[in-house]
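The following pair of complexes shares a single chain, chain A, combined with chain B in the former and chain C in the latter.
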Partner chain A sequence: MSLQPTRPMMAASYGLLAIAAVVSIVPFLYILSTSIKDTRSLFSYPPEWIPDQVFWGNYAKLLQETSFLNWTANTFMVGIMITVLKLAIDAMAAYALAKLDFVGKRAVSAVLLTAVAIPVAALIIPLFFLVRDMGLLNTYWALILPALANPLGIFLLRSFIVSLPDDLLHSARLDGAGEFRIFVQIILPLISSGLVVHAIFTFMLQYTNFLWPLVAIQTESRQVLTVGIASLKSNFVVDWGLISAASLLATIPITLLFLALQRFFMAQSLSSALKG
Partner chain B sequence: MRRNYVLRRNLTAYLFLAPALFFFGTFLVWPGISLLVQTFQTGGVMSPAVFVGTRNWERTFADPLVLKTIWNTVRYCLMAIPAVFVVAMLFALALNAVSVGQTAFKTIIYYPTLQPILVAALMFTFVLHQDFGVLNVLMRAVIGEPVNFLGNEVLAMPTIAMVEVWKGMGFWTLLFLAGIQSLPRDLYHAAELDGAGPWQRFFQLTLPLLKPTFFFSAIFATIVNLQVFDSIFILTDGGPFHSTASTTWYIYRSLFTFNEPGYGATLSFVLVLVVLALTALQSYAFRERA
Partner chain C sequence: MTGAAIEFRSVCKAYGDFQAVRDLDLAIPKREFLVLLGPSGCGKSTILKLLAGIEDPTSGEIFVNGSLVNYLLPRDRNVAMVFQNYALYPHMSVARNIAYPLKSRKGEARNRAMVHEKVLQAANLVEISDQLEKRPEALSGGQRQRVALARALVRDPEVFAMDEPLSNLDAQLRDAMRQHLTALHRRVGKVTIYVTHDQHEAMTMADRIVVLKDGVVQQVGTPREVFNAPTNTFVAGFLGNPKMNIGPGISLGRDSVRIGEFDLKTNCGTGPKGAPLLVGLRPTDARHEGGSNCIQGTVTALEYTGADTVVTLSTSASVDLRFRHTNASSCTEGKTAAFFYAAEHVHVFDQEGRRM
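Take a look at the complex of A and B:
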């Protein structure tokens, strides 16, 4: 639908997009401004957007007096572990569902697909007890293992593998290649863009996760970023400068990732558009 | 020989599936079964769980807060999802109409979507705070006084929904834009030749053609938003007077504040039923009108 838009429509579109851009960006600029003010000048009215004197105390306090760096390291460690394991597990399952014949294939697909509709928030109580009985409460494994259960990624990768021509596999099989070799040497390289999309999706989901880490981790220094930052707000006297600095720093890793892999982020939306 | 081959073929396939099925079974199917068992139990955190028959269920039906949290959750979805869809559709149409700067606008609008909902909610405290919130600075300039968005029973839930609109608009905008751009152009040229104006083209071509996109989007958004928790936890903790208490908030509180996992399990089961019922209803509604 790209008919030549009329002039007023063009103007209205730019107007709307300008509003959208302002609404998207102003909160970020405002916490940036808050984070470089001391708390007293925060309450001055009208607010100063650019303080006369830049105050770095909030950042210094965040890095020195809280476990912010620990939380960041934990988030990355857990996120990377989950992403690597999940990619391997889901790619293998996706290959079986896409290209191998076996008894019960339709049943396995149907069961996995049905589970996509189960709200994970409803499982936190039984998961809490399961992880506790395994002795994993308060460990990284408590965050890593349950994240591997979500079957959505299998279907994402399956859609990439299904479109590969069968002849490719037939000729490899005739040459005597085993299924595992075909999977590693032929399939994986051909679906690399699918793997990147899945990796980003998985990592982002972990990076933004809040409820389960809140339940599964009690030790403050082992916490992930989201819960750690939230805990800054639970002090009796809320230190707004500290919270704004923490919120702003938490946006940086994901921003860098986004700028580096932008075209895959957009592809993520695109592929969900096609498959729901 | 033949049977041997079939056996090996099946074995290979299940070896490929084994890790996925193991984690799926252990951390999704098994907790699902325990959830059902736990609805008939009490205790379990400090002391071993005890079987209490249908007591949790009787309490669930008698507890007015359960109905209230379900209504709050549904109310939140009814505000957040249509709002974010309309806003995103407008942005998508605008993006589709412009050529210069499209990529830059796409990047900027998508940016809030990248943030954890928790960080988005925290940022909103800086937007809404009565003394220094940027929206209240605006309110003071326009109506002369700040508005207590989160402390007001009527305003609190729409305000929470606003966080979701802000965070979600980029995602849905790009998704709808991808949908619009995949529509067949010939149809639009034909419609234009037949004298259809832009409004007619939008309502009689674009919207109906995007129905499959809307269908999956609505189901996906419903499943995600019925679990709303993070923004409520940060901004209101269910208040004022439980006007923003969602079902997930109640589940979390019954485990950690009220120390009643059995009751929380029953509430969780209710949440599953609500999600399944509403997604089924949507599938039915979309199919009816097809």
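Take a look at the complex of A and C:
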């Protein structure tokens, strides 16, 4: 079978990609359009994509009358804390599991693997009691600590470290380096692409996490973006313009982050695919 | 304490049920270039790892310069190792690779100027001082090997341990590096333990060769001793190209043996008359004329190798015999040919394969 794409095949794939692009972009444009309308033009019929009069009121209200900036700051603070701590913990655990021999290694692996299989929803209630009893409810630690316990990243980084030749470590040991020095000077630089992938995943996951912050944080000013935006909808009125403005602003930082690291991210997924 | 730089005493290493090294007793004097030779899986690399401290022996003791090193960490043993795949740090420049052993040691040359000078010295010794700023990936195999050597040299270690360092290089480069390594050893004058499965490397470089099989030392000796008086059929067959002919024979008593219909005089012992034994004849020891020690047969194959020709004879001996002929134009397939052996070149082994 020839792998050379034929013209109709090309046309078909471009068609499909175009549809996919429209499907993912149109909602954004709709949100953008909604966010710059006042309440009256919002419900005008037929709906207009570009309002006659651009209305910035939603943004002004969002930044002045809600805790939006607070939520953003909280989200970043929590996200960065989690990413940094998680990378440090996961990389060390991955190194130990990949390259060191210790008693109970298989048991530890088994426990970690089991933990991956437990759905988050099943953990919410016991986790709530645990965090409450530790007196951490309604603090940032309630958001940070549980996120660190997710072992998936250990397995990701472990696969990177396993692929490093043992002789490299032997050589470093003979050269006089201790385990921590080997970890910092040899392992970490050589798995930097894995660390970036893990960091992006971790940060994005945290950025979009909704359920746990909803449960764990009660004070509005300490809330993160996801829950904060949802709370803009009161029981009686839904201010679509305001919510759209918030949603749009919230997507900007994460989009920029992805764009900045995208080249690295793609290259890595590709090269790990090629290595097989 | 003996004057040996390194000593293994009854060292064993087992991985589960697998015995990688059995009861190794070996003393290595200062300045010696010792080659561990054997087929893959014979335990030769394991011996290096035991010495370097990468692996711990299951039992036995290892001494370096008279002191027990069993419980020392690799970094405290003063053994520098060169790995088969070089094990260079890919994210560091050549200069940083070479400097790494200096920088990672506590209390040692932290002084930048001194580190730089030592790096230059080591790089000069292996002639790569013009590559210092490059990354390993930008270097050829031979250059990488030199960097690995320089990294070992820079520490000024007591012992160099080299694990098949030339096996990833092409034949020409290997030749050049072999000479380079030998010259380097003479200059540096430290004990070098060199692991290889290549008999040519072993013969040309070694002061002494240790032949290993299944974790057991078969023979220790100079290349000449090991080649001319192999202690058993394994050593006899492992060294020499083409392989030694080994076929069943019987003792004629005194100093003669019979293989097929041929009676051969030998310098080896022969045991009681009529005893079955094994007779070994190196293809390369064959002569084209002279004496009564003669093997005759029909030529069944001719392999031209350039400098000479390997002739295969079908004889009354129960195995085909091969001989090297320096001028085989007189041989034709299907015709008879004769080869002569000096008594010193007729090797005799007992039925278990031990030299008599």
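The working rule: the second predicted complex is superposed on the first by the 260 of 276 C-alpha atoms of A that agree within 3 Å, B and C clash if a C-alpha of one lies under 4 Å from a C-alpha of the other, contacts with A are read in each partner's own complex, and residues count from 1 in each chain.
The rule is simple: a contact is a pair of C-beta atoms (placed from the backbone, for glycine too) under 8 Å apart; a residue touches a chain by one contact, two chains touch by 3 or more.
In this text, all values refer to a predicted model and were calculated from it rather than measured experimentally.
Visitor: Aligned on chain A, chain B and chain C: do they clash or fit?
Guide: Aligned on chain A, chain C fits beside chain B.
Visitor: According to the stated criteria, A:Trp56 is in contact with first (chain B), second (chain C), both, or neither; which is it?
Guide: A:Trp56 contacts neither chain B nor chain C.
Visitor: If you stack the two complexes on chain A, which partner ends up touching A:Ile154: first (chain B), second (chain C), both, or neither?
Guide: After superposition on chain A, A:Ile154 lies in contact with chain B alone.
Visitor: What is the contact status of A:Leu145 with respect to chain B (first) and chain C (second): first, second, both, or neither?
Guide: In the superposition, A:Leu145 contacts chain B only.
Visitor: For A:Ala21, decide between first (touching chain B), second (touching chain C), both and neither.
Guide: first
Visitor: With both structures fitted on chain A, tell me whether chain B or chain C touches more of chain A's residues.
Guide: Counting residues of chain A touched by each partner, the higher count goes to B.
Visitor: With both complexes superposed on chain A, which partner does A:Leu168 reach: first (chain B), second (chain C), both or neither?
Guide: Second partner only.
Visitor: Should A:Thr226 be classified as contacting the first partner (chain B), the second (chain C), both, or neither?
Guide: In the superposed model, A:Thr226 contacts chain B only, not chain C.
Visitor: Between chain B and chain C, whom does A:Gly176 touch in the aligned arrangement: first, second, both, or neither?
Guide: So A:Gly176 only meets chain C here.
Visitor: What is the minimum C-alpha distance, in Å, between chain B and chain C after the two complexes are superposed on chain A?
Guide: So the smallest C-alpha to C-alpha spacing between these two chains is 5 Å.
Visitor: Going by the contact rule set out above, which residues of chain B touch chain A in the complex?
Guide: My answer: residues 9-10, 12-14, 16-17, 19-21, 23-24, 26-32, 34-35, 38, 44, 90-91, 93-98, 101, 105-112, 114-119, 122-127, 129, 131-132, 134, 137, 140, 166, 169-171, 173-175, 178-183, 185, 188-189, 192, 198, 201, 205-206, 213, 215-217, 219-220, 223, 226-227, 229-230, 233-234, 248, 251-252, 255-256, 261, 264-265, 268-269, 271-272, 275-276, 279.
Visitor: Tell me, which parts of chain A touch chain B in their complex?
Guide: Residues 1-3, 5-6, 9-10, 12-14, 16-17, 20-21, 23-28, 30-31, 34, 42-43, 45-47, 88-90, 92-93, 95-97, 100-103, 105, 108, 112, 115, 117-130, 145-146, 148-151, 154, 179, 183, 204, 207-211, 214-215, 225-226, 229-230, 233, 240, 243-244, 247, 250-251, 254-255, 258, 262, 265-266, 269-270, 272-276 of chain A touch chain B in their complex.
Visitor: What part of chain C is in contact with chain A in the complex they form?
Guide: Answer in residue numbers: 49, 52-54, 73-75, 79-81, 83-85, 87, 89-91, 100-101, 104-106, 108, 151, 155.
Visitor: Please name which positions on chain A make contact with chain C in the complex.
Guide: Checking each residue of chain A against chain C gives 165, 167-168, 170-177, 181, 185-186, 189-190.
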